[in-house]
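Structures are listed in the sections that come next.
Two complexes, one shared chain (subunit A), two partners (subunit B, subunit C).
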Partner chain A sequence: MRRSQLAARFVAMVAATAATIATAHHSLSGQFDVSKSFEITGVVSRVEWVNPHTQLFVDVKQPNGSMLTYKLESLPVAMMRKAGLSKGELIGDGRPVVIQAYPSRSGVPTLGYLLHLKLADGREIQFSRVPGAEQP
Partner chain B sequence: MLNRGRPAPGAAAPEQPKLKGEYLTRYQAWQKEARENNGQARKEVSNCMPPGMPNMMGTAQYPIEFLFTPGRVSTHHEAWMQSRAIFTDGRGHPDDLDPAVFGHSIGKWEGDTLVVDTIGIKTVTELGAGIKHSDQLHVTERIHLAKDDANLLVDEMTLEDPLALEVPYHRLFTFKRERDENLLEFVCAENDRNPVGSDGITKFK
Partner chain C sequence: MNARQLSCFVSILCCSGALLAATPAATPRTADGKPDLNGVWDNGGGIDFVKPQTKANGSVCVTGCGPAAPAGRPAAGAAAPAAAPIGTARPSYRPEFAARVEDLKKHQQKEDPVLRCQPPGVPRIGPPDKIVQTSREVVFLYEDVSGPFFRVVPLRAGVKRADDSESYLGDAVGHWEGDTLVVVTRNFNDLSWLTDDGAFHSTGLVVTERLTRRGDQIEWLAKADDPKVLAEPWQLRPRLMQRTDVEMAEPAPCVEQDLSHMLDDSYHSNPR
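And then the complex of A and B:
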């Protein structure tokens, strides 16, 4: 290791850690029903590219012509990057995307946790579950 | 694809801590309660409480930066914006040590390996989800680049606790170098979509 370097930056990669990594700051299964999923097709209107979690806003056209905006929780920024997704790619170009999500336990139908994303260019991304959603 | 933290296919299963006494019974009770509550686990601290030592070395969802300055190695963690000070100026641990969430760390170089000794970790932190430790927890780390890959940093951690652990518990953390990015801020009080109800259950809004 060159000690003359002032800084070396490393991205934490997953490793053989025992037990579980520190619980997420909240429990996924407590807020979302991880036994169900729903699907929507819509246009991503906004992306919150922030820590601790990114968030997608998706406008879905309703049968009566009105627009309903869904709010989907997703991964931390660093994990999105590791998955090869940038904010720009998530915002897309206005073409519809297809999303599968865990529904919120609160009963609000427009809230969910992102599970699967099919981009307009056909690329599909499967999001695995967040540590902390697992039973110990 | 997203990597959840499982070892590579064919790798040995990670070591499990061998807890003892009240630390074992407390953990078993915690596990039982979580199983009976949809995987929701009880916690004694706020959702914004950082993991501290030792789990801060294992937050795979967020990158870590290592900075080397004379007499000290510092770590900056994107997760909860935590940081560690590892004193390499030859000092020992203070006699009148006050426990801290990040403990007190001293390090020395053995060739290209940084050997870090940490004590004084507050008992509010955990060894793993739901696993408590005593004030006697002693953490030793051997931090070095992988022999065959200068872009892989390895932290071999040994945890000893005469009150909580039957035998030393080993954890291994690896980190892939990323040169082109900077840490993003993580201000826990912001972007808070998880209010806690009066029933103590974390919601999502």
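And then the complex of A and C:
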């Protein structure tokens, strides 16, 4: 294969990859700031196993001892099931979780889009790619 | 049998096994001789771009994952192998409707019926997740993002339904053409879209689906014809359904919770 053909193929691959990423990010940009993420440590207190988006509620203990509940949107139920994830798996048993999420553009600080969940036993669930993170 | 004969016999057995393994599974048939379409079929769970990966420690990556290990068989939901690529990703419209499609796409977050938990319509709903087949009818079951759906496909014309009004999923009638189940659906309302980007249709829509089982797979072909608005009949890209032993679970309800904190109407991809 000639060098010019190789270069053309590389450019096409980069363009296709960029288009895919742009599409994926654009799909949530009406609600969430897909250029940023925030991290919280807490306990999954409730899961709404509904479409078109499952909802996770995470209780996070504040410095003054009070509890703040975050509402995090995530993937549709069918996607969760295809990945072998169930409502019970996500809600756990009061176990601590570390979560990364896109912040909401609406300005509500406790609203987000779930990207990544890490359990105390080291297992991780990536729902969508975290901005700036390395490919798993 | 001496050692040489035994060795030869074992070699023949091994070769036979290899040949059997390489031969595609035979297509099971029902008592009336038709291809057996019964069962649960993995077509991508209704969402065809998710390729989840599970790691040795139990970690799971649902989307945005790195390259997956090479698969031993074609992925469900993937385009079916064909001699020549057929079908397109979206329909083409008569010129006078192009602006309407673009406007709906521009305001998709507010306009897409599926994002408001309305039925996706046909063919947007895609291949069924489960098929129940008798000699008189075929029933398609779906677990979709906007809820659970079913379609009863009688294999004879003239079946009276409880309500003959225009509907999201229309009235389907099936027949066999050789080993292919052909399902023709009419009597649609005009409230669903053909794709997730503003591809509206009229009540004149007619959808023809063709399901052909080969071994443990079904090739699903669909064509949407709506001469009132489309420039030409739209042939969708083929989809491949893979037999699975994982039974369907109770579909989750659809509860819209996003529109209240939506800041603009930008496109929300929702491919099937």
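Miscellaneous remarks
Convention: the second predicted complex is superposed on the first by the 101 of 136 C-alpha atoms of A that agree within 3 Å, B and C clash if a C-alpha of one lies under 4 Å from a C-alpha of the other, contacts with A are read in each partner's own complex, and residues count from 1 in each chain.
FYI, a contact is a pair of C-beta atoms (placed from the backbone, for glycine too) under 8 Å apart; a residue touches a chain by one contact, two chains touch by 3 or more.
Please read all numbers here as calculations on a predicted model, not as lab measurements.
When the two structures are aligned on the shared chain, A:Glu48 is found in touch with subunit B and with subunit C. Contacts of A:Glu73 after superposition: both subunit B and subunit C are touched.
Once the two complexes are overlaid on the shared chain, A:Glu124 sits against subunit C while remaining clear of subunit B.
When both complexes are overlaid on chain A, the residue A:Asn64 reaches neither subunit B nor subunit C.
Between subunit B and subunit C, B contacts the larger number of subunit A residues.
The residues of subunit A shared by its contacts with subunit B and with subunit C are 23, 26-27, 29-31, 48, 50-53, 55, 73, 75-79, 81-83, 104-106, 111, 125-129, 135-136. On the subunit A side of its complex with subunit C, the touching residues are 23-24, 26-31, 48-55, 73, 75-85, 104-106, 108, 111, 122-129, 135-136. Residues 1-7, 11-12, 14-17, 30-31, 34-35, 38-41, 43, 47-48, 51, 55-56, 58-69, 78, 109, 112, 114, 126-131, 144-145, 152-153, 169-179, 181-182, 184-188, 190-191, 193-194, 201-205 of subunit B touch subunit A in their complex. Remark: subunit C residues 44-47, 50, 52, 54, 57-66, 109, 114-115, 117, 143-147, 249, 251-258, 261-270 touch subunit A in the complex. Interface residues of subunit A, counted against subunit B in their complex, comprise 1, 3, 5-23, 25-27, 29-32, 48, 50-53, 55, 73, 75-79, 81-83, 104-106, 111, 125-129, 131-136.
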